[in-house]
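What follows are several structures.
Each of the next two complexes has chain A plus one more chain, namely chain B in the first and chain C in the second.
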Partner chain A sequence: MVSKEEQNSSSSFQFEARLTQASLIKKILEAIKDLVTDANFDCSAEGLSLQAMDSSHVSLVSMVLHAQGFEMFQCQRAVSLGINLASLTKILKCAGNDDSITLRADEKGDKAEFVFESQSQDRLSEFELKLMDIDSEHLGIPDTKYSAVVEMPSSEYRRICSDLGLMGDTVRISVSKESVKFQVDGDIGKGSVCLHPSSVVDKPTEVVKISLEEPVDMIFSIRYLNNFAKAAPLSDTVTLSLSKDFPLQVEFKFGEQMGYLRYYLAPKID
Partner chain B sequence: MRTRLCFLVPPVHKIFYVQRASFIMKRKAVNASPRKQPSKVPKSSICSYLSLQQKEEHSLSDIVKPAKENVNQNANMTQQTSQEDSETSSSTSEHSSSLVENPNPVCEEKLVECTFTNVTWQGNSRAPFRFLADAFETMEATTSRLALIKILTQVFRKIVNTTPDDLLPCVYLCTNTLGPAHEGLEFKAGEATVLNALSSATGNSVKVLKERLTKLGDIGDLAAECRTTQQTMFKPPSLTIHGVYQEFRTMANLAGKLSTKEREKHLQKLLVSASSKEAKYIARIVLGKLRIHIAYKTVIVALATVFAPCPKSDAKTTDGMDVILKEAAATLNAVYSQLPVWDRIIPVLIQNKSTEGLEEQCRLTPGVPVGPMLAKPVKEASDVLERFQECSFVCEYKYDGMRAQIHYLTDGNVKIFSRNAEDDTPKYPDIVESIKFALSKNNTVTSFIIDSEVVAYDPETNAMKSFQELQGRARKEVKIEDIKVPVCIFAFDILFLNGESLLKWSLKDRREKLFDTFSTIQGKFQFTTSKVFTDWEGVDEMMDEAIKAGCEGLMIKALTGEYSSYEPCNRSQNWLKMKKDYMNSIGDSLDLVPIGAYYGRGKRSGVFGAFLLACYNSETEEFQTVCKLGTGFSDEFLSSITKFYKDGHILAEPKPYYGVSDTPAIRPDVWFEPCQVWETRCADLTMSPSHTAAKGMLSEEDKGVALRFPRFIRIREDKPVDDATTADQIVELYCNQKSKM
Partner chain C sequence: MLVNDDHSTQKNLPSSSCIRKKRTVSRIKQNPKQKMGDIEDLLKYLCQRDKKNSWLTVEKEISSFQHSLLEWYRQNKRQLPWRQTLMEQHPNPYHIWVSETMLQQTRVTSVIEYYKKWLQTFPDIPSLAASSLERVNEIWAGLGYYRRAKLLYEGAKTIMSCFDGQVPEDIRLLQSIPGIGPYTAAAIASIAFNKPYAVCDGNVFRVLSRLFSIDLDISSSDNQSFFRSLAQFLIFKDKAADYNQAMMELGATVCTPKNFDCKHCPVHHWCNSFQTATERQVPLNDIVGQYPVKFNRVKQSNEELQVYLIVFANYFLMLKNVSRNLLGNLWHFPYVTLKRNGNELTEDEKLQHERCLSRVLHSCGYPLNDTNDLLKLLYESAIPIGQVEHLFTHIKQTIYVKFVRLSSETSLVVENSSHRIGGIDPNDESIEYRWLTKEQMETSAISRQMKKVMELYQQQKKQKFIHSFFC
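Let's turn to the complex of A and B:
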């Protein structure tokens, strides 16, 4: 094995990064591959990021992995890796959850290399993925002061979405000071789930928190919310941020300093 | 909240559009860096890459600016709509003298205004699809041919002047095709695919869309109306003519088990990027129902107007211009009929900037099928004699088979094309063999195109078999050893031989060439039975012989003179056909009872478009279905009959005594009370698994009898429903017909 320092000095790669746990990347991929088929992974000195829209342009995925979250990270020049997510899924299937994962891209930028190394360092697998040219536009997302921000356990979010998804196509989310309410009206009947901010804070991951500027009441497609729920394994909590006539932001944080996965969803018209 | 369609209300949309723009975010400057070896070709030729270094903070002005632009854009759009409206109304009145203006943009260099739209673009971008959608909308609103030609001419001229590369995709979109006919590229998308794509693009459920479609009748109108209940994150880049065409081709080329889903995704992508008007025409084009009142002929006239040669200064009168335009159209028409491939013609047109010289560069080519020459039906001897006064004519048997245009290419390949230019070569490996045999005595042949009829043939009895037998042949990947229905080629014309087009030759010379070139093989490759006549004497006898031999009738063609050349895809007076059924020798009408109906589409939306007819089986006391009937109706009849049945003659359930098969395509949208008898004619009767008439009374136990090409004649007010044609009568008619074969 080559030591980390040697690798750094001898590297002919424009970009090289190592993550101790392949499971993180695997989960991220699971969380976005149903929404987006191809995406550019943008590598810069600050980290690895991805931004893509679904084919209907209704939702947007924005993922950031900060450089400091990696075991090793170096980027001599910013590169963009155009990757077909179905192909990447195939390659990541070959990585164990506890393997470390090294991602490299060279000058030519026509392929990306993946190296998976088992924890005991006795198994090393290497893969090359052909890259593609993806015509995409980068959107700047302005920092917005949202009218309502709801933090809740991601398992609860997932459950609400899948339960209500059985009843109808759209969900009305109403946030007030006292509660956040998810309402569905379908062919077979209607239903709602109402969450109140937790009074007892013994388990921080089970807390529901609401911070409110003004009450919000908006409608969204459940199908997309359900898609976002696939990111639940990435984080114990999820933050929903809403403002009238603005896309909903659903954020999953990857722990301290690592980065985040954010979804944006345009509302439906009443 | 109840699920309901929120059809677009423009003001709301506009407001949101502006707000949305303020949310989003500036598109970043794009840094193009081509990359080697892309594993997948991107849709656009320019690949854009972003580097994070370019990321910049959003100043307030960045965010506000796009919003302002959008307001302007919206204002423009409103203006455009009103202008369009006035244009539509006035276009019908002002077109009469318009054809002669400015025939050639290239020599006049005058920028032409498009009267139907204010969409413009620059030469360094691609022509927007919006432009074409505006044109389609205007064309849809008129049926005046002159107005249509005028609009189409403007479309082509504008494109030629700005982005000539977009002309080819534009022509294909206008003709609702994806490529030359023999490439066989089809849209392969059904209504379900379009509905699913529309559903995911707009956020309306398929069920709601379907209900709405039943009311509207046209999927294009549905696509236009149900723009969206779902906002998008930002407006996708607008569609280009080239982009839409390419996307359609990609969809058509998809194959395999997941292709339907893939096709849906591509279509969804188009629909998301489309404005409501664009969506309307995209949906229609995909289903092959563009309905803008034009066929390729109009396209030819419009193209000819754009590319007409520059008039000499002394001919710059209206009359002179007219002549030039007519000649240009004739040239283009002749060229297109010999080489019906726009991919070959349009580049030449653009290069030459004129129709001059086109004939030399685009010629009849083996491997590219041309439309077969067609014949006019005649009823009586006098019609024929009037036509062929003082010239000899030839009568040929009219075989009951399939037309086949057989091409022999210089590389030794044989290609067989159907009447509709489909490549039937894989279906007929035996014909390929026969052709090689027929040529075996003649080694001077390097290439040819012949016209022929392929007929099912029994080599043991040397008898011809019916058309239905031929239809029973396998279609795909046929192997010679598996062939169950042997066929014989009956050649009757030659269009091309050894690099030379024979189209302009007289039929007499062509026939000689044909007889010289090929040797016949009994039961495999024969010439049609024919006789040369100078007057009517003997023709009637030949007709009888032809019918006895199992043919449909006779073809009658001028042998020499100006009417004897081969005119591809032209139903001219030069060839006449005489069939036994034109002579009214058979064709008893049937009196049938409508028991159900199907909602009309397109032109017939809002009324019933077709009906399910039944005969009466007196033994089982059942009404048994015998055909779907959709021709022979006037528009007035359809609306009155729809009203009649809707006023209390519709059943919630079919009567227990309706004998209807389980075939889904047969199930009518509504069931009728049996209360009328309709007189109907048809071409002939055939066995069908989808219909139940006389089921079990004929040799094939599980099939019923069905009418082929039924046609409505009138309502039999005088007949009660149980006096309708009975199953027994149908059996009799079917058996009679068989004995005549």
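Let's turn to the complex of A and C:
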């Protein structure tokens, strides 16, 4: 046991990091907890990251929070925190959106500590979460030059997915130079939504941008795309990257230099 | 307990029963008297429960009840093809017999055409008896419960051989004829021969339960005897044919399960549940609609199953259901029952499923040392591909489907033919299994729920897995 007095300026924790706003972590959790039940939070000198497949092995979540995005970030040795996301949700419920959040893990690696401090510093709450051993295969995601990259408002993405999800199970996404088209063919009928790149740019967050190497036309399960839309509060814009016969990448950036949440979805074949 | 005179010990008399004709007749006459004690108990029971039922002890009331009912029937009866014969002085019992048989478990509207077609083809008993089973089934085709057609045919032959082609009037003799049980016998005896036997179908049970607010479960046979005795007590003996039909007609057209029309009911004045609802000024449905009381004895239960699609190359492992239940002899994918009515299965029960599966895999040459190896296979390599819902008689099944691809490096003996493996342990039942391709499955005996599982797999197959791109 290390007594209080012996603790000096350098933390006794293997890992300690503080974010000024708990809301970021809360939103990240909301965005992944329905897809993944348990996940390893990997802490290294570069930052905090998470990678997990959903239980059906159809999609993959990859989250990175860069070290420089934290108010304070110390990592003596890389540690992996196995966390049940439902349990973490319960703890994060206790944090106010504007609270600062400090995450700590000690050498033993059997628990993680969460400290929430209100902006006015008159309220401090501390929680300990028991960690779990999670066997998970870490998949290597190759660097890819995608054939088509579409940037659009995340609210638009969310709306399209939820609207088309009412009609059918699968959506066909076709990207050409002129437009990106989402088509659904369901039991009750069919429909499509077509977005054209914006010509006039009033608000940067309402922009639709398409950069194209070659046109693509692929089919995906709407259920997953809808699940990804839960990340919309994290970012005003979302980027869809597609290549033939390759998983779709749906990316939400947390702002400059902070990090990102990426989803990968395996395509369906005709 | 009330004894029901309809339940004869001679129900299954051999066809030589014609010889015993005389003896049976003498016995039936004593029977109603034996029941008197029971009827007194019954009346006492009903009157004590609710004094509104006490009109049962007043002869004048019973008589006006009967007359109201009969008068209503005279004016309101539906014109149905089998009622034509009732206009004649001697109604044709064959017609009653055919119609009553067809009406069992079947709606009036679907029976009408079949009844006409039947009588055109077999206008009388000799023509039916001289026909063939194929012909009989042809005419019946589409009406369902085909056993009834066969029994009518056999009944006709019995009547030809034992009763000189005449339908007997006696209720016991009637019951000696194949296909004629207590209900049909009472219907023929009362409707065709005006004998004072009350006929009790579901309609009559309902009418009586409302009339006296009887909260007994009408699906229990003891309680049915109670209702039969009550019906027998209320019958208007001189006009049994009309009275019985009036009761059934009332239940079929006015005193219906839902949307009953108490306002136009000829006997609402005597009806306990109607009067109670009026007194309390509550909606009729709150009282009248509560009868007959439902006990939900066959409660819808639910089951959660975990089905494993165990695939080697393009073969799926299937097991045969060796039990004698409804799915007996059908092939199914291996499964483990997880929950029954929300309760987890005991470890022992689960283990039994798992043991069964490990024995099968072992017998195919899959390297499994013990059940733990199997669990490892099932829990670690199985990929969930979704779930299907299936309603199977009264069981709502939720089937979770997992997909397990056995490594192509293992050398398995995968054969198409069915294999039976005996138990190692005396507790182990013998198991039959086979490996089938998707195409072969289409022509095999597979239950509906397993077909649904396969459909799910087919859909899912179009969905690629993420780990086939990233590794």
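The working rule: the second predicted complex is superposed on the first by the 261 of 270 C-alpha atoms of A that agree within 3 Å, B and C clash if a C-alpha of one lies under 4 Å from a C-alpha of the other, contacts with A are read in each partner's own complex, and residues count from 1 in each chain.
Note that a contact is a pair of C-beta atoms (placed from the backbone, for glycine too) under 8 Å apart; a residue touches a chain by one contact, two chains touch by 3 or more.
Keep in mind it's a predicted model, so treat the numbers as computed, not measured.
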- Query: Is A:V58 touching the first partner chain B, the second partner chain C, both, or neither of them?
  - Reply: both
- Message: Quick one: is A:D122 in contact with chain B, with chain C, with both, or with neither? Answer first, second, both or neither.
- Response: neither
- Message: Looking at A:D202 after the superposition, I want to know if it touches chain B, chain C, both of them or none. Which is it: first, second, both, neither?
- Response: neither
- Item | Of chain B and chain C, the chain that contacts the larger number of chain A residues | B
- Which superposed partner A:F246 touches (first chain B, second chain C, both, neither): both
- Name the residues of chain A shared by its contacts with chain B and its contacts with chain C. 53, 55-60, 137, 139-142, 219, 221, 246-247, 264, 266-270
- Task: Can you check the complex and tell me which residues of chain C touch chain A?
- Result: 383-386, 462-471
- Message: Please output the residues of chain A touching chain B within their complex, sorted ascending.
- Response: 38, 40, 42-46, 49, 53, 55-60, 77-80, 82, 84, 108-110, 130-142, 144, 168-170, 172, 183, 185-187, 219, 221, 245-247, 264, 266-270
- So in the complex, which bits of chain B are touching chain A? 1-3, 6, 12, 16, 19-20, 23-28, 30, 35-44, 46-53, 55-56, 58, 62-63, 200-201, 203, 205, 228-237, 265, 268-269, 272
- What part of chain A is in contact with chain C in the complex they form? 53, 55-60, 137, 139-142, 219, 221, 246-247, 264-270
